[in-house]
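Everything on this sheet refers to the single structure shown next.
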Amino acid sequence: MTPQTSDRFTDLGRLVVRCPDRPGIVAVLSRLLADAGANIVESQQHSSDPEGGTFTLRLEFVLHGLAVRRHQLEGALGLLAGQWGMTWRLTEAVHKPRLAVFVSRTDHVLQELLYRVGSGDLRAEIAAVVSNHPDLEPVARAHGVPFHHLPVTPETKDAAEAKALDLIGDVDLVVLARYMQVVSADFCSRFPERLINIHHSFLPAFVGANPYQAAHDRGVKLIGATAHYVTPELDAGPIIEQEVARIDHRATVEDMRRVGRYVERQVLAQAVTWHVEDRVVVEGHRTIVFA
Amino acid sequence: MTPQTSDRFTDLGRLVVRCPDRPGIVAVLSRLLADAGANIVESQQHSSDPEGGTFTLRLEFVLHGLAVRRHQLEGALGLLAGQWGMTWRLTEAVHKPRLAVFVSRTDHVLQELLYRVGSGDLRAEIAAVVSNHPDLEPVARAHGVPFHHLPVTPETKDAAEAKALDLIGDVDLVVLARYMQVVSADFCSRFPERLINIHHSFLPAFVGANPYQAAHDRGVKLIGATAHYVTPELDAGPIIEQEVARIDHRATVEDMRRVGRYVERQVLAQAVTWHVEDRVVVEGHRTIVFA
Amino acid sequence: MTPQTSDRFTDLGRLVVRCPDRPGIVAVLSRLLADAGANIVESQQHSSDPEGGTFTLRLEFVLHGLAVRRHQLEGALGLLAGQWGMTWRLTEAVHKPRLAVFVSRTDHVLQELLYRVGSGDLRAEIAAVVSNHPDLEPVARAHGVPFHHLPVTPETKDAAEAKALDLIGDVDLVVLARYMQVVSADFCSRFPERLINIHHSFLPAFVGANPYQAAHDRGVKLIGATAHYVTPELDAGPIIEQEVARIDHRATVEDMRRVGRYVERQVLAQAVTWHVEDRVVVEGHRTIVFA
Amino acid sequence: MTPQTSDRFTDLGRLVVRCPDRPGIVAVLSRLLADAGANIVESQQHSSDPEGGTFTLRLEFVLHGLAVRRHQLEGALGLLAGQWGMTWRLTEAVHKPRLAVFVSRTDHVLQELLYRVGSGDLRAEIAAVVSNHPDLEPVARAHGVPFHHLPVTPETKDAAEAKALDLIGDVDLVVLARYMQVVSADFCSRFPERLINIHHSFLPAFVGANPYQAAHDRGVKLIGATAHYVTPELDAGPIIEQEVARIDHRATVEDMRRVGRYVERQVLAQAVTWHVEDRVVVEGHRTIVFA
């Protein structure tokens, strides 16, 4: 992946296709793109089961004049979709997805997202930072990102979520970057497969609050972090990425939190990057990640 | 750690001491060893809590004529123990601990233990292999290790355990090397902090049977293995070592089992090695590992 | 990858194709396989340069009656090869490649290869073990593998290599599993891209003999191992796989050797497995690994 | 390591001692600290060679009223030093070391240092940022750190270094955080064992400029970074920390740079943290790191 200039992305398209697994689908899609003049630069596929499962294909291609010719390509894909029972999505890499980032008091994950957006490693725009605490306003402001302070109590939770939805407007992805509130099922339903959380443990170990204390009590030798899509069931959504770090018997709960911060920021930033590059496909309770 | 000759171990002693944390204990013990003519070559310590916790110290030292002078050293330590409320254990590295290894049908962990004993990386003697299946008899026999086939059914479990105890005789450590039977609380009580199991998941995730299937269902991105001391509560004993390996969406349950085998053998062999080198101290539900 | 029965492999084909990068090649190949009734189960591709580079494609497919219909498939591929300037190789997974393993005195890598062949994780046949020392004959014999002792001196090297070639006969891959002799350029030329060595350092650091001593002198904090194809230039062939392990200031050269053994066996076994599954393609001084 | 309040550090002392290895030194030092009323909370030691080598000991201790009683402790240590041929240094954790950070155009390592100082994970003060380019002035300013732009050409190098020395004044550590100039031997000599560089490769592989290009050409499968003390010989000073990240055949040189940035920032920040906590001791060409 060469220089982070927009040139590089101007004519770059991403196509993700899913359909019942049948011989021939790759040939047909390859032909369609070849006929359109596209050059496939990356291609990854997965079959949930070679016998009668679901086939998933992700293609990156360069097509000169993509912005103009996109409509034509979509037409052809639409025809194919009918014939093959196929769902698909087509994105242009040149467009930066808009993110809303929800935080509470700790800034390490937010800082990492801001750094990666700034460096171009994460090709996205942070449209808003929302928090139930005012602490991180200076961090957001220093990067020119609007900050919204929305205190949440059990009584005001519904209203606060409604207001948050209103404030963030039209975003492509919501990221819970150590946001210490459980979002409602209704909120989840607004962002199907577009709401990512970082949980500070190696799920499914230590579901719920205070995982580092629980990890310390259990005497684990590795601590972890898990980025996952949020579903109404707490900490049970499809996992996108996990990583661990080694600790030893000297580590206090506070040490675990400190070490864990570096794992969390890495795991969430990786998951968000894969998502915005359209590399993640949810399949039941699991994810396909075309890394 | 230089060549695996017995010379290297002849006069090497290991002392593990625990006592209430008070200033001065290190000075007193260092003085005792210095006065005895011992040269400390490795020293590690841990305080569960600097204010009023438990202090643990592990020393490796070279004392010429250790075998002869051990009695004298023990006398001095006994006196100190009374004064400082101290428990201690003293071992001579030259003596190889005797291990009994329990297996079922899969050989990968047993093979690893046999290899490491043969190479000298694990300084121990495998006194017996016990199995509820006959499959691995040739593996044990090829290495000159007695093999005992003891089938287990719910009805015969007590008798089988009794017979196993009889057959293995006086061993220093029992290793459950993918032994697919839950051992009884009574059996556990015979080997306090001397019974190590390898569980094929990153505990506490996926306690119980079939963890790879459970891991697959949950869609985790890392699979793990955990070596722990066995206590009557299933998969809840103090953890000695854990490790993970990365998998992706392509991994079937069978792939996870295959990848997991290499993690399991590594984790168990590491835990057993630390144990036989007297590097592991149990403290409540946790272990101190002076690696 | 499901159970290690031959069933699973009977109709499994692997096709590796290389050609100048032009739009349409994937479509044409996919169509060819679809027309033949093959179901593609794995597909990976790489372009050395999207503009005018070389395109490499690896496909795994299931084609019922592959053994019988292979000839027909080869005919079609031959036609295509002419049109597209394409080179290709087609293998049937059911056939186990024949390996010759060269060793000297240390057995850890040989043991690992034997274990993995035995477990089915490495789907190959070890046809012969050749050594310049007699030490490992029992290891080979215990696994029913012919062992050839061929002492090598500077004077007898040519003759010894000639004799080795004669003894090993027709093999698909030669593996230097800690063989402490430099093989001749002539020997290399007999096995182009079919001769794999394990070097006990993270190449290109510490080329040549005694890398652990050199690593110790330099005070590195990680030690490594490198599996690579052998070319006449010492330790300079295309790298297939590398891995490292952490050490600290306490590690002696002997400790590094001990830790290194576990890295070496892992790295070489991985490289050999990828090679026999036809996942490695040499491109200049580098390898493409479709892992 | 509990909350990052100054309380925690007020009475915390660090003592690093080196002397010829003789039985009894630990006893004497432990006694000295115990008599002074200090409670040792961390103790690590290393012998370069149990027979006639150099012994290194690092102690962390709590001594109420350390600031006041330090002088007395130093007196006692001074006496001991004469008797045992011992060198020592004593530091109070409460004092934050002053750092000067040299950069060029890339900000990732500087950002990481600033973040860690801000979070308290790196207990130090960044007294100045010096650069041969003006680009990172806003980054330094945003964190309230003085920034000095000192252009360097071959002709002005001596003058620029002299000016830099003048500007940074009295600092405890100089950090070259991707500073793309080779510093002079004279400059090195001003900061013996107090000048740390991050080299963007796994040293000693790829010494010199453009290591990612060299790594790409060689086709390595892991890229690395090395933090080391700077000596006049280029990239040859004692290594403090190294780490690697996995890449595959798809990685361009630019990808390697991008992946490498995250390794570099981690490795340098770790090395600097260990240094300021007085955990690193140089021994010849190597370092002892009491991590």
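Letters A, B, C and D mark the chains in the order given here, with residues in each chain numbered from 1 onward.
Just so it is clear, a contact is a pair of C-beta atoms (placed from the backbone, for glycine too) under 8 Å apart; a residue touches a chain by one contact, two chains touch by 3 or more.
This one's a predicted model, so the numbers in the text were calculated from it and none came from an experiment.
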Completion exercise
Those chains that touch chain D and also touch chain B are A, C
Completion exercise
Of A-B and A-D, the pair with more C-beta contacts is A-B
Practice task
Report back the single chain whose CA centre is most distant from the CA centre of chain C.
Solution key: D
Fill in the blank from the handout: Residue numbers at the chain B-chain C contact, same meaning over half shared and different meaning under half, come out as same
Exercise for the section: Round to the nearest whole Å and give the separation of the Cα centres of chain A and chain B. Expected result: 42
Practice task
Take the average of all CA coordinates in chain A, do the same for chain D, and state the distance between these two points in whole angstrom.
Solution key: 36
Handout entry: Contact set on chain D toward chain A in their complex
Key = 1-3, 108, 111, 115, 119, 121, 142, 252, 254-255, 258, 261-262, 266
Fill in the blank from the handout: Counting only contacts in the complex, chain C reaches chain A at residues 21, 23-24, 26-27, 30-31, 33-34, 37-45, 47, 50, 62
Problem - chain C-touching residues of chain D, taken from the complex the two chains share - result: 46, 202-206, 217-222, 224, 238-244, 248-250, 283, 285-289, 291
